[in-house]
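Listed below are the structures to be examined.
In the two complexes that follow, chain A is the common piece, with chain B as its partner first and chain C second.
Entry: the complex of A and B
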């Protein structure tokens, strides 16, 4: 018995040590910097090779997000760089999780590309470094469109440089409108009417209903929004005057009236029969296939989908030429007569990771690399290849960019765009408004009930971070 | 006694001591690897999760800049308007999937396949295992295409539309039915294997005796088979309850918790590890997970008492004689 007690005592000591060591991990000091040979050389003469890793979330047509910096490394003269680009298409949630865990383990890449909304979260955690010094160091950054810098600004400082941006137009089927009796002039005028607020969401619903009544499109094929979760839906919240963020107080905002009107719109399109019942959750491949083959009258998408449709859905029919033959595009119509249409832009941004996150002291070399990546030569490869809008002033005159009809046609939309807020609690905020939007659209709750429940939920989870107006 | 030991000591010396040590410490040494694994991989994570649940740890704080906040995360859970709905969802999901499929259908399939020619039963059970060995993403994608709206969905196109049923996207239309079916078909295969082997191992004498006594099939099941597979029944029920409480893989892939199908474990996952725009709230998610651990422990204890676990593990009386 005595021996048993002694043995179990030893076992308990082992357990306590194991648990203590596990618990102590959070407080462990940051990983030491890499050996001096990896440090950025101060002098330009005889530069040592610096190895940089770039992570990007990208599908097959967006590969320049990571491959752009690899190509740009050839132009860097301050450092001799060996750049490894990693394109990851696992999905945003998994991608961000991978980075967060890597950063805490001190094994993050030197440059991370992600949505601008990650700036406050990762800056607060110390994973990324301020970008102001880098921005002032290289003249290439002066070419970035001024308004885009606000997407990487948090607490008055810059934390990255935009890599791409986009618009989320309301696409419309010109052929079907013509079948309804619209003239070519009327069709050509539609984007302008939406821009000035003459053609609103109410008009869109009425037109879609008419198309179904005339047998031009099948019931349920008058208007299709995105089939799954995404920021696009916030355009309707904005279209009804909703506010997301108060920069003065650095708080998220929910506008009750706009929220209810947005939810009512989502339910109305189903009740009017222009969107199918139980539409949310439709497979993406089905959605892409249907809209790109001209079966829907109005649909809400992103300009990056244009390249995807051309390459992966209608290539056999002529790719972009086929799309141009029947697809028109405009801003998202406003919900209020006379108020201009809107579009949501979601710039993806390159951020330089901290020494603590990457375990390396390569921040200066990473800055030099990003300067050479932020050029019309490199950025246009991505913009044209994936139909994303450029981020540089000079791209408006850059031949390869200007010759792309779709990008040139949609560039004006940046004048009507808005961004999601850079706030640490935006993730939970969006999840909540989305969840109750689904309930409203599916008819589980009335729009008013859903809006009321969403506000309660926001207050419960966000507390002091929220303003209800 | 002490004299005997002293004499033995004189005769055998160090051998006696080794023998003694072996007897006293041997069982512990044999159990040590498993014990250490359990402590490291089962007990330590629970303690760590409880610790994290008392902090404000999130992506925004990282693993190094967090602070202790006491029971605030638990307060947030109890004040949260969603907690009641998600708790009810979880109970519904576990109860229905467990009773209809993981135990119910598993038992039915096991009984049927052990009462048909052996080769046929084996083939049927093998087929039933196919979903379990199919990658979960492929399995759910298949279900999505079965349930998709016309003209894509197999269900709409080939079965319901010819019958005059209005086509729709069936997963959002009947989310719980699909959540339970997708989980249940896979979950049933586990119990099916355990029950089949348990039924097969019942001595044939019992069955023959029951037949000689004129028992019907139902009576054989009720009075011979079920009492003799009580232990596997307890094991499958307990294990599958705990498994369903913490599993969310198929719900995540099928609905992602939309259409009011969020269960407690998925809620914890969404808050702690995967939400659309980032900022994972590890502290809040850990508090949700801790509540799940407590519910799991309570359920396990209830099952042990209900099924009279101590009696089940008593030494067999025949061998004792």
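Entry: the complex of A and C
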């Protein structure tokens, strides 16, 4: 018994010392999070080395997202930089969760790459710093396509710089259309017809049904949308005239009529037999493999997938040449005759983390690094390597960019694009419209019921942040 | 056994073994494919083929991460520290708690056991935020938070912090397992030691633990595998690449949007299996005795 009492006392003393020491002393800053000395400008004889960390969510063909800044560091003269780029492919959800916790702990990287929709949430939390001052400091930023700055604008201020953007075309199988009896001229005219609103979603469904009836494609292979959750589906909401955001009132908008028509479209493609039942949840690898091998007539994808298919799915069949031989691309058709097609762009943006989030005072050095990253030399490496659209005006004439046929062909789509809104409540908004869209497509509710329920839930959860029209 | 088994009994045994062998074939083939694919450009069934589909195409390319990517050795060391730390933590705490719950009657013993089981039912993903706040609090404790060699400490963004959290999440299973083993050891042995003047701690260490070696071996190997393969906790709570683990490395080879080179994944998976196999070899003697009881004649 003596022994056990002795142990108890020792344990209690340790616990009390730990608690007392943790309460009495101010939080000891983490070794890695210790404020670095103010980065010295180049004017001084020997600039002190500044260590910067860049996080990016990227797969193997998108590695320039983090490797671009590493390479750009060689061009920075204001500071002596040591840049560590981290390409993370754990998935967006885990990636953002990891960043959020790291930022809250004051151990975030100096630069974070993420979707522009994260700007309001992270700015509101104080994790990222305003970018206006940085933008005005370096002339490189004047080269960014003007309209792209709106994607990083929140409450009238800039919070980052675009890294890439893209279009999400409606891809079509030219070979299958020809097998249906379309002439080469008709196939070549399709993108223009979609652009002018002459070929609508109704026409697409009718064509896909015809292809199945003629045995050109298997049942369920007439039209494939994205298999997982994503903003792409909002293109059909927009195609029926739906609005997402009112910038004047800084409120989210739901257009009831367009919402119901969007949901009806999602259900109709299943009922007409051009999309498989319970399609949502299909593995990405199956989806990529099927569409890139020409088994589907129409599919909704993103231009960045082109590089993926060429490098990783059909390389042994000829890569891009094989794809060009049978794949066509156009805007997403409109749901309304005479209304132009649309596409969603989702710029990824570099954001500079605050001192609170990173525990370091390297914001100026991070700004200098991003200036040298935002150049045609660096950005084109990523754009061409991963088939993302460029973000710089000068890339329209930059030889390496211009020589890429696919990027040049799809550049016009940026004239018909829209963005998801930068609004702190957009996350819940999208979750709700997505959830009821899935119910409508799977037939759990009728499109009208799903739309009604979605509007009700939006009103109850978003309240004054929402306009219903 | 053969001497006592009749013709009918032998026939039944052969039939049973045949059925079992047939049922096992898919599993064996699966493992065989994994091994073959790591040395092949491609496979057609179990046959290695080259890029043109002709038999051949044997290559060491899928194993090149061992000499081309220095990160693999860093993450292996990190994972080893994590797995060993987790194993030691779970075995020590579980055996102490299991002994107390098995042998000492104290108020709240039954509710405690029930609660640990309920806590074990929570998926770790639902506890991430709560765990984060605990680790952040520990980070503020001098030395303990961030000042311990090798494991860094027990705070956020340290290997020790991940070990601590993982131990906590695995403890319910360990405590129940250990309690079960202690329950099977007859009271008489312990009572004799106590009468002879042994303290409870000495009884636990010198009398009881040697009798439940199979249990400790089983718990050790489960804990080691759990630590060796864990992804979510290390990925979420260790931000620096220098501290990442082999499961995170393996995950980086799998992508939602880009195709996966499954031959390389299989090679890394096999590499990941090696320490577990070694650990199993060292503990199998005890593991195979798991059903024989703690003592001769024990129930």
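Note that the second predicted complex is superposed on the first by the 424 of 469 C-alpha atoms of A that agree within 3 Å, B and C clash if a C-alpha of one lies under 4 Å from a C-alpha of the other, contacts with A are read in each partner's own complex, and residues count from 1 in each chain.
In this section, a contact is a pair of C-beta atoms (placed from the backbone, for glycine too) under 8 Å apart; a residue touches a chain by one contact, two chains touch by 3 or more.
Owing to the predicted nature of the structure, the values given are computational and were not obtained by experimental measurement.
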Partner chain in contact with A:385 - chain B first, chain C second, else both or neither: neither
Chain A: partner with more touched residues, chain B or chain C: B
Partner chain in contact with A:340 - chain B first, chain C second, else both or neither: neither
Contacts of A:273 with chain B and chain C, given as first, second, both or neither: neither
Which superposed partner A:319 touches (first chain B, second chain C, both, neither): neither
Which of chain B and chain C A:97 touches, first, second, both or neither: both
A:59 touches, of chain B and chain C: first, second, both or neither? second
Partner chain in contact with A:443 - chain B first, chain C second, else both or neither: neither
Residues of chain A contacting chain B in one complex and chain C in the other: 3-4, 7, 18, 22, 25, 27-28, 30, 94, 97, 104
For the chain A and chain B complex, residues of the former touching the latter: 3-4, 7, 11, 14-15, 18-19, 22-23, 25-28, 30, 92-94, 96-97, 100, 103-104, 114-115, 117-118, 120-122, 124-127, 229-231, 276-283, 286, 420, 424-428, 430-431, 434-435, 438-439, 442, 444, 453, 456-457, 460-461
Chain C-facing residues of chain A, complex: 1-4, 7, 18, 21-22, 25, 27-28, 30-32, 59-61, 84, 86, 88-91, 94, 97-98, 101-102, 104-105, 107-109, 228, 284-285, 288-289, 305, 308, 312-313, 316
Of chain C, residues touching chain A in the complex: 51, 128, 132, 136-137, 139-142, 144-146, 155-157, 199-202, 232, 235-237, 239-241, 248, 251-252, 254-260
For the chain B and chain A complex, residues of the former touching the latter: 21, 24-25, 28, 32, 35-36, 39-40, 43-44, 47-48, 51, 57-66, 76, 79-82, 141, 144-145, 148-149, 152, 168-173, 255-256, 258-260, 270-271, 273-281
